[in-house]
């Protein structure tokens, strides 16, 4: 044993000296393209952020920081002025100008075959003009306070490459960014290799070469880290965290993320919700889930701390709303629901269900951390609390299709606020389903409350951050605190593992950004 | 011979048609790709745009008809996820799977036949019994479980071999191959072993059964009565008779190795077709799944055809016209 | 001059499910050069096992448990395997019953013949080929050079048996053991094979052990006949003597059972009962349960009694 | 006595493999494909009269077994007809005509008890009331010389000779009056063969059976039958009363056959073989099938098949020499 | 001829008895059979012998999650083999899991065998175009790799014991059909089949009473191997995230669930179900092996 440890030390030292030059990273989901505008997907965006940059940069807490834009401000309700950074050069050596921004905005809605377009972020923009080579004026159709958040997702490409198609990006031909790393190699399903951009305008990259390897099986990913094949992995499985914490070869970095795991209930149907039965399992006409008291009772039956400690192994934080309090627009009043099975029983009885009722909880099994396990734990609590609950887990491909067709009565899902603001979950999850406004797109419980709708709508057109924040918080108070439109369970904690000697500042948006890895000083 | 090949080709077309229909219909029933492809933040408008962009807003039969028209000209559609020709995506991943399958088959044949031969010739010895017990074990262990154990032992604990992934590739006959260099081979050893284990057991058992059956036949005794050396009796007379039926099995198993690579590739992060198809199923990337199945089914049929042709070439008794007539 | 083949008290046993069985139990006979011995018996009588025992081709679970087989003065029982192999195919050859099974189906006739030549004589391949062609011609195969390249399935049963005989004759062996080589063949083909065998043996002066169940074949071919029953030779002597006036009741019964020996349409004289399995042999004379002459004396194994050139194993010879 | 019980009228049986769509397509592309036809039985006519034992002799591939199966309705003739007491038996088994098979091992269902093997058909056909089946089976077993107390055993527990008897009992169970014996004793040892042949003769007497006795063994046939029919490559070449045939065979093939039969009384003989081999029934020679091997062949023999004609009273032969 | 012949052996012996005798000649096979019998018994009696009903979510206690073997839980129950991530008693889970795995394997095996045997035997009996057609379908089915067929089917059908049985039947029937056909072809050529026809027995009777029983032995051999295969395949599918409902885990699902804990040293969650699966498949294979040897006519002494 001793000898082996010694051997490991030697090996570790040997690989560390190499790591000063190169870095291998184990990714949990495959990167499907090198085109930054083709498929709006976390792993793709994550890679794109190494090569390309956005006008607005979000830091590890999703706070807005200058990126390719030095500053931005709203000139009036619908006009924004963006000042661009000077002395930025593309990888091919040409200078970065306003034309590149305009070309980018033009390309985004027109990427052929895009399965998930970035057009949702450019759609509010009705007009873009270059005031000078380094100033852009953007006009929005309506007041759009979230423009900077949207701009933080849009990777700027050089105008020269705007005419290139996705295949040219995948081959690397068109990959010409301003970021700290340049394109090296992309092998679909296997790896992405990036090399340092020595002429980067910001802090010089720490590694000469970064090799991203797609290792989707989490146990194998951990094994690769332990075996020294990679120096960094993302999405460390919760099962291994306790062990890795004590492992001398590895350092962990973790933070509460912007993703909440929540339960959605069919509060839309008046009767005959598909998976609601009476306590004996016979069909039941009434839909108890329409009653806020029942929803509240369900929330009270769940011991969030137990789920966090037993299922998530401590790698989660009990949630009382959609986003942790540090995020903009969150409520200060919404604490995680207290575990109170007795209170829940009383409430259930008061709502007219003293004997409870039966229900099935649907959950994806490959989407969120421990998703189907959480569902089982919830079912445990509900069953014990008088609501016999079955669990039906399925691949997310099936789950979301059926969920959106409202085939479920009770479902577990998660929401990560890409914008880093409470408006995102409020608008998608609890605002009434309304295709015209783009509201309630993920409202699979069809919760609907006119008061909440009004507050969300106003907030979304209020440019003033403070005012908007207060309004969003009030909407959350009503939707969750008062009506229990959804039941938040916990916020996921994202964890990265790096080889001892390296450090990573964990990000709330779950992006793995290798250029933010630093070599720790001893 | 010509008839035989023609017949098989006609059948192939039919099979491919049926396959495409079944898979297309099946995946249509599974779910709506848009739900899984779009960013969760997307609103209803974006969802509609995606559906239109991918042609998913048309009726199922029309979608299938469009597919068929394309398939007739060799276009199996564009991957939803990659935005590229599905066939291209698959062909790009094919060498990785094929080299893994090839290595696994080499391992299982290279070890399996000698071990099976030994166990069949001395069926009552301790070594033979151990080989057979081992083969049952190899039969019984679930692939995914063995895979992780291999990683734990050889990569994490002993540190001899890389844990996952595919090694550096070199170009060979215009194809990227990794197993031609020692460094590349190191990456392939564990997954290939994982994949080979089941087939190895199978080949050991088949060889042994064949040896036991064939050694009772008169021609073996006659060969010995001619005064031939034992090595020749076993190495030529017995082995050639055993190999002929084994080739059929090996051919069929090559197909199943390619299919079972799905599991191994998942565990070892091997960038092959199997991993691709699993991901594609979970992402409802229908063009890729359909194309994958068409390609593999076509491959299987071709492998079987080759095996039959090889069989008839090797076995003077079989003339191809008589095969399965 | 010593006999070419001298078998003494040969015992061959098999270990099976029902215990140890004696397939060959104290068989003795001898054979001069040029002599043809017909070894006759019904199924399970041990006649084939006797042949295999001489060749040293008895495999586990069988083994030679005792006795001696002297070939040209050399003791074959217990001879090292390598030495035995050098004799097999060279000086002692064997022909098998089923011509469909004896040739390796996947090797060409050429391969199978040449390897036999080369296994014993270090000659160039061309010479080996020449010998193979010659041997094929000898057994009456037309255009032997062309047929050499063919595979067994391209030959009819009779032709295959000719090829097997040609292989057996390649080295001009001193002794040929033929195990029912014509049983599986049609009458006209059998006639052809018998003709060839008789001619070849006469020409080469080889000794021949012809194992068969068919007394009529032996009658035409053999100089001497040995009749086996349940692992033992019950009677042997010159063909004429044994077939015309058998001494052992079993041999008598066997001859009487042949339809041609009976009046047409009349009842056949039959041996009552059935051949006992080796696992359930009666003690003493194995035939006594079926024998009309049996008495208490038959409870012991009868000794071999000699009557002139004839041997019989019976307490009450006819 | 002279009433024909079973009659073959110009019976032909061909086993054909025809071309299918793909093969015809390939043929058009110029591939060498062909269907093939096996002429197993070629225009055979003869009759078996009541009470007779007719021996059917020939070598492998001569069509004698096919003819036996045609008689039992196991095959359907391609042309011509098979008649039992004037009724056609074309591919439809007739209960009164039963077959005794060659292989005592494969001819009994290994998974059935003797009582079921023997008793199944009479029970299914209602020949015997269900309650009486056990007695009926016992009676049959006794008749063929088996102890009825073994009726609950399975075939593997019997020796070859005993199995042959079970097979006979099974055939007798449906009360046939005509038995087709297809090499029924070929697989048995000489001493056992004698027992079974005796049984056949006993049964013939006690049950008044008529036999078509198919065998390659001339000794057995000569012993048992009244009349012998000789076949060569699907055709009848000679038919004659047994004694006459053996005394003075007419057809060259019959002559050759008889000359080749080993006999106990011919010791230390010089074998003089017939030339050539039996041709394949896939491609029989033209004209008289025997002409390539016939010592008396004339040019005509290669062109024209000789018809079967009466060469003496009760004797038929198909040879141009007789013309 | 009136003398009655004695029979070969004194004791009446059914083919089944003889088969049993030969089967139990091998010590290894006997051991395998004993283990398998014990496993089946335990699986059948699971509700009676298991300390907990692991499928009743109300009986589980999340606070007892991932306890080591031998630990006493909050409710005073000792978890002999530890607990899984839901606080499920592993021993009970394994007993119930065995039940599910065996059920899935055996039921799918029986259905596939029945289906395959009937089609195969009928194809062999009917011959001609029917046979051609059936065998082409079988070829096509066998051309598809089992795991992919199952994957796609399950993706379409969804999860559930019934669904996985359907998938496994679809995957397996062709093996049985092919085996049944070749066995039936051999039997069809035997004389007892002709005899049955000659006796005027009906086609149905010949197929069911004569052909099928004799074509069965090789099917049983294939069956044992296939049951083991089915269990392993179900485990693999569960590992890939398709298969059985997560609240009623089979052995394979237990292994898959515990798989992620292997690295972290909580071996028991995956290890013990793995051992149970291994022993089950091993014993089935041992029995199957011996069956193959005993039932193989070509190796018969």
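Some observations on this one:
Note that the chains are named A, B, C, D and E in the order they appear, and that numbering of residues resets to 1 at the start of each chain.
Rule of thumb we're sticking to: contacts are C-beta pairs under 8 Å (C-beta built on N, C-alpha and C of every residue); 3 or more make two chains touch, one makes a residue touch a chain.
The structure presented is a predicted model; accordingly, all values stated were derived computationally and were not measured.
Considering every other chain in turn, the ones in contact with both chain A and chain B prove to be E. Graph distance from chain C to chain D, where chains that touch are one step apart, equals 1.
The pair of chains sharing the greatest count of C-beta contacts is A-B. Inter-chain spacing, taken between the CA centroids of chain C and chain E, is 50 Å. One simple way to say how far apart two chains are is to compare their mean CA positions; for chain A and chain D this gives 86 Å. Shared contact sites, meaning residues of chain A that touch two or more other chains, fall at 219, 223, 226, 366, 395, 397-398. The residues of chain E that reach two or more other chains are 3, 5-6, 8, 155, 241, 259, 262-263, listed in rising order.
Contacts with at least two other chains are made by residues 274 of chain C. On the side of chain C, the complex with chain B involves touching residues 52, 55, 57, 85-90, 93-94, 96-98, 101-108, 115-116, 119-120, 151, 153-154, 164, 167. Of all residues in chain E, those touching chain A in their complex are 56-58, 60-63, 65-66, 85-87, 155, 158-159, 241-242, 245-247, 259-266. Across the interface of their complex, chain C is touched by residues 217-219, 221-229, 232, 236-237, 240-241, 244, 314-317 of chain B. Within the complex formed with chain B, the residues of chain D that make contact are 17, 22-23, 25-26, 29, 31, 33. On the side of chain D, the complex with chain C involves touching residues 59-60, 159, 161-162, 189-195, 197-198, 201, 216-220, 222-224, 242-243, 256-257, 259-274, 277-278.
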